[in-house]
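Here is the structure we will look at, set down as structure tokens.
Note that the chains take the letters A, B, C, D and E in the order they are written out, and that residue 1 is the start of every chain.
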Amino acid sequence: MQDIIKNKKQSKNALRIVEKTIPVLLFAAAFVSVITTVGIVFTLIGETIMFFREVSFFEFYSGTVLRPLSPVDPQFSILPLIMGTLMTTLIAVLVAVPIGLTTAIYLSEYASKRARKVLKPMIEVLAGIPTIVYGFFAFTFVTPVLRDVIPGLSATNALSPGIVMGIMIIPLVASLSEDAMNSVPNSMREGAMALGATQLEVTFRVVIPAAISGIIASFVLGISRAIGETMIVTIASGSSKNFTFDITQSMQTMTAYIVEVTSGDAAAGTPIYYSIYAVAMTLFVFTLTMNMLARYISKRFREVY
Amino acid sequence: MATTLRKNREIKIENKLNEEPVSKDNKVIYDTRGLNLWYGETQALKNIDLPIQENHVTAIIGPSGCGKSTYIKTLNRMVELVPSVRTTGEILYRGKNIFERSYRVEELRTRVGMVFQKPNPFPKSIFENVAYGPKVHGIRDKKILKDIVEKSLKGAAIWEEVKDRLNENAYGLSGGQQQRLCIARCLAIEPDVILMDEPTSALDPKSTLKVEELVQELKKNYSIVIVTHNMQQAARISDKTAFFLNGEVVEFDQTDRVFSTPQDLRTEDYITGRFG
Amino acid sequence: MATTLRKNREIKIENKLNEEPVSKDNKVIYDTRGLNLWYGETQALKNIDLPIQENHVTAIIGPSGCGKSTYIKTLNRMVELVPSVRTTGEILYRGKNIFERSYRVEELRTRVGMVFQKPNPFPKSIFENVAYGPKVHGIRDKKILKDIVEKSLKGAAIWEEVKDRLNENAYGLSGGQQQRLCIARCLAIEPDVILMDEPTSALDPKSTLKVEELVQELKKNYSIVIVTHNMQQAARISDKTAFFLNGEVVEFDQTDRVFSTPQDLRTEDYITGRFG
Amino acid sequence: MKQPEMKQEEYIDLDLVNRKMNKRLMLNKAVKYLFLVSTFIGLVVLAILLYRVAMDSAGWIDWQFLTDRLSSNPEIAGIRGAITGTLWLMLIVGPVTMILGISTAIYLEEYAKRGRLHSFIQTNIANLAGVPSIVFGILGLTVFVRMFGFGASVIAGALTMSLLVLPIVVVSAQEAIRSVPGFLREASYGMGATKWQTIKNVVLPASIPGIATGVILALSRAIGETAPLVVLGIPALLIPVPSGPMDNFTALPMQIYYWTIDAVLVHEYANLAAATIVVLLLVLFILNSLAILIRAKFQKRY
Amino acid sequence: ACGEGEEGGTSEEAATSGAEETDGNNTEENNNEAGEELSGTVAIDGSGTVYPLMARIAEEFMINEQEGVSVEVSRAGTSAGMQRFVNGETDLSNASREIREEEIEELEANGIESREYKVALDGLTIVIHPDNDWANEMTEEEIKEIFVTGNITESDEIMWSDIRSDWPDEQVNFYGPNENHGTNEFFVEEIIDEQDLVQTINLQQEYSTLVTLISEDENAIGFFGYGYYANNTDELEAVAIDFGDGPVEPSLDTIEEDGEYGPFTRPVFTNLSINSAQEKPEVKAFAEYVFEVADDLAGDTGFAPLPEEELNEQLEDVQSIQ
């Protein structure tokens, strides 16, 4: 046997070449993701610069009036869009975080194995529904229902898509939080239970503190998902570019603005056209920051055990 | 095999004893009667009868997988955390059947502390670890908590080592210190019985020694059930020893007798190192 | 402690021996010289000198964490799978330093088989498990492969049990069978040395016995290094025993001597069960 | 050892503990039900949503709808083109993300040294996962549609989607590779196998279920995405069915989008949109069941 | 032209594989006599307003005329479509406004010759809530006045009673498509003479949003193309406009350039690339078809047809392209 192996020296050499080339190929593949990021930055940066040649950086980030299409006096300020984005995101987070977290707690700490096996995939279906469907749902169902309760609510508003976006990201928050809680070793739960703690006390005083980094990271990911969500707000939030806190009125998010302009009338070379790149760039930086934050948080708050 | 002989107990407890004993000294605190336990389809404990006496150290030995952990976890019903578990028979704790519907398991666990194989402190400060139990049970008073923490840490013979770093994370401690911290945590709720599942198996020799000494010390005030795979340890520290095999109690007697004149061939095989 | 005495070896090897031996019977196949090993910052092996003889069974004993596994994994450089590992010193395998740059680790591992603590068959058929090694080394011929598989399974004393189910998944076997399958898998490349890291610690008594018998059998053709925490086992099956403590070799001698007249107090403490 | 006199019940008043126990147990129970209710909120919304879609689509899904081509007449309109377009997308996105994703994962898990480069690529992938899909749309428009001159073809859409879902595949493949137990690798190395042999023969086969699950999840994300396609400029009216990667195409979510916004002109379009949603959900459901099935079937055999 | 009953490439394979062969033949002869089978693609983009009509025509063309030709209609909007047209990406570009000077220059610079054709007429419709029983009729002047900023009150918070004193004392809510739409441009440029719209107006991108908003607001008044009203008569009511000869309801009959609703009527356009028409017979065939059927199909999609003569003139113009 060892002799046969010796005799296979020939193929050994071929093997060595394979061993050498494979990592190179794999690295090339891994680099595609880097190229993608570079690609995104390059696509956005050129046009963004063009935009800031025509519109002052200061005005863009400090003004409150966005009237890109006005033939007489176009004004570019991203604040109304940021406000729209923040408002819808805030609402979404207010829906998704409590429901997502309690769902995670229920699944991870209370539910029987069988119940979890049934409930978890069902909840995850929520994440699989195309956002366009949610948009439709928000506009034709949630808004009318809400209007029965809230008289002043406009047919397009920030509230309804915010809520629906929240529902959409429940599974994300629930899933990731549940993972974080599941990875808390059982020995810790046992330690607490052996002291006579109830399930609730175990959960809130041991499991959640131990899983907090993962839980917060899930919130942050949920937030960045909400920030980047497009179709729900495009359909259900209208296109008013008001700088307002009034969530009962139509608002526009950064993403919806990009859809409006790209599917609209903007001619290349005009400030409107360039403005979508400046908005996209801002959006990119926003989500980038959120992700960095998520990573920082999971590192910073990771409990050692 | 070097067996450290212990002072003989006056009263010989019959294996499979069923009558309640009378003398205070050998009062049965935990009485297991006809206990069977299944994980799903597989039976892990078979018709266990085992009286555990107050202020004794009862050692449970046996090869891996024989059901030692399962049994000790049944004593505080921790085994029920495994969803598929089913039991028949009864365990009387101070005369009350812990499997009864009305029996509140949290109350049981307040009386019966547990120390695990791997030290499992919470990822909190040393202080918070020890204070956890009292806090859960409603003690809020800072001063009382401080007293309890100090007393428990002293009881677990770790006070001197940690008194200056009570606010540091428990994971900064060595394994042996962590294990003693867990014992302190368990003492903080002033239990009646302490269950220990191979408490030294993850520890180095020196820490092992410390914990063993501690067990001897604690015996004065607590009843202790200790699982161990280290026969020398069982011989050194326990008053009574139960030998488990395949979910059954093969032999249960005074420790010195189990190690010097085992009644069952399988026990002999095991303690002479034929298997395990 | 029951020690099975083995026929005395003629030549007493000095601990920390440095000269190459001459007689065939005690030819040193692996010579470890001044080996240090670090995992990141922590040193796991400290200045190890250990000559391992051909066609002997060398047992390595010691408490948990003393570096037994680390050492045995260093012998076939498997320890390098941990990224932060750093070594100094040398290990000569048949006179060549395995840490040398030009040394091809795959070749080394082809000569030196390894059996692990937990049986680790591949999630493939029994046949494929045994044929894995030969295939990796370029043997494609169906007939040759079949012969190798049969021979190896026979060598591992498991052929009779599995010959009718060679195409079934290896995970259908019992733990003991799996472990013997892993030994067969290792025999398939006809190694020179077999390293075993607590090969029976996850097995039941019966399977343990089988594997022990097998080791005795294999000794005729292979040099074997076996790590075990079971001192009785070391005493039963090995010719030489090295006692590790905190990454150091405290004692290395003929097995009977280590167990009957240990030179070092720590060895004595350990084998009399003071710790571990 | 100094032994303080430990008297029982010195601090812990058992009566008090027992009295508090009632409250604690009750709270525990109450909260448990609260959490259960909360868990069901999402499901209730899901049920309403599905019910409404089902009602709107009732009577509109039939063989003709599935197999006919697009038309502005709702009575004869079908989604054969959109279905085919979506299938084409999957056909390209699947292999592309699988190859790129697995390669990246292997590189990161098995080859890359844990250092700057490794953490740079890893961070980069995590960031890409958070980039809004519409930004990927802009990237695709600039690079694939314009620069490469693919137009709004299947290949341009598929490549855009591939980049969009790549992080999903990479992360799940990484997880799958990581969860291949070390002892399997050791067994292979122990036989003298080289690194690539070990990866090819042991690591990849063992991680296939995890990878497959990741690819399926990535696919279901890809076929549900609308925003990038809107930016790419998929034609609203496209009657021919795409027959190759270079053909122009439309996909199910685009059809839903256009029919939704045009329902204001022809009310029946709302029904067509709902019917298309049902079809899309059905595809997603099948994909997800497949993922669950794979997960269950191959769950930890070692 | 009639392709009916002929064996066209029903399957997609036939459609594309046939493409190359016939393509070669046609460019040689460069004619497209009736009955000849064409293949290839006609790419159209541009106005979302014109889209329904053009999509309808394209569909009829593919069913009844040339099964082998794929007409792809996109709806990026007038200007965005024009951008693609200028780059030579499309063969026709729909527009809800006339081509701009800069666009013509760019076309010239790119060597593309194009011609602008009218396709149909759209009547700008003023809509209100169906429960609104006071503002069913308004004068042209009233419309022009109330939609302009600062005309009635400084704050642009206008009460119905500010318009006519017997109307309710409730605030008017204005709605309309945003500047992304040619409709907005037409309204501002042609109806209110480039004055600014009231500040309180709610401008939206999607017509579906507008229809919903107005249908749920009793004090709403809004404007958009006739098609969006015609398909939502249950939820909306059109204001009859008095252009001086009594109130006129917008309808397919009244929307004519010289019709009673004339002042609020605008043409919608398509721009044809002459280069494409010369090189690709299918483009020319389709362009001809547009003017053959525009009058039949306009009504179905909410447009009024152009006068017969005008269509014929344009048809001849297309036919004359060599």
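The criterion applied here is as follows: a contact is a pair of C-beta atoms (placed from the backbone, for glycine too) under 8 Å apart; a residue touches a chain by one contact, two chains touch by 3 or more.
Each chain and its UniProt protein: A = Phosphate transport system permease protein; B, C = Phosphate ABC transporter ATP-binding protein PstB; D = Phosphate transport system permease protein PstA.
Please read all numbers here as calculations on a predicted model, not as lab measurements.
Any chain touching chain D that also touches chain E appears here: A. Contact tally for A-D versus A-B: the pair with more C-beta pairs in contact is A-D. Taking the CA centroid of chain B as reference, the farthest chain centroid is that of E.
Averaging the CA coordinates per chain and comparing them to the mean over all protein CA atoms picks out D as nearest. Averaging Cα coordinates per chain places chain B and chain D 48 Å apart.
Chain E has its Cα centroid 38 Å from the Cα centroid of chain A. Centre-to-centre separation between chain C and chain E, using Cα means, comes to 84 Å. Among all residues of chain B, those that touch two or more other chains are 106-107, 110, 136-137, 189. Residue positions of chain D with contacts to 2 or more other chains are 17, 24-25, 194, 197, 233, 260-261. Residue positions 196, 198, 201, 235, 262-263 of chain A each touch two or more of the other chains.
Across the interface of their complex, chain D is touched by residues 104, 106-107, 110-111, 134, 136-139, 144, 147-148, 151, 154-155, 157, 187, 189-190, 192, 213-214, 217, 220-221 of chain B. Of all the residues in chain D, the ones that touch chain C in their complex are 113-114, 181-194, 197, 201-202, 205-206, 301-302. Put simply, chain E touches chain A in their complex at residues 75-80, 82-83, 103, 178-182, 184-185, 188, 194, 196, 202-206, 208-209, 212-213, 216. Within the complex formed with chain B, the residues of chain A that make contact are 112-113, 185-198, 201, 205-206, 209-210, 303-305. On the chain C side of its complex with chain D, the touching residues are 76, 78, 81, 83, 106-111, 113-114, 116, 118, 120-124, 132-133, 136-137, 169, 171, 182, 185-186, 189.
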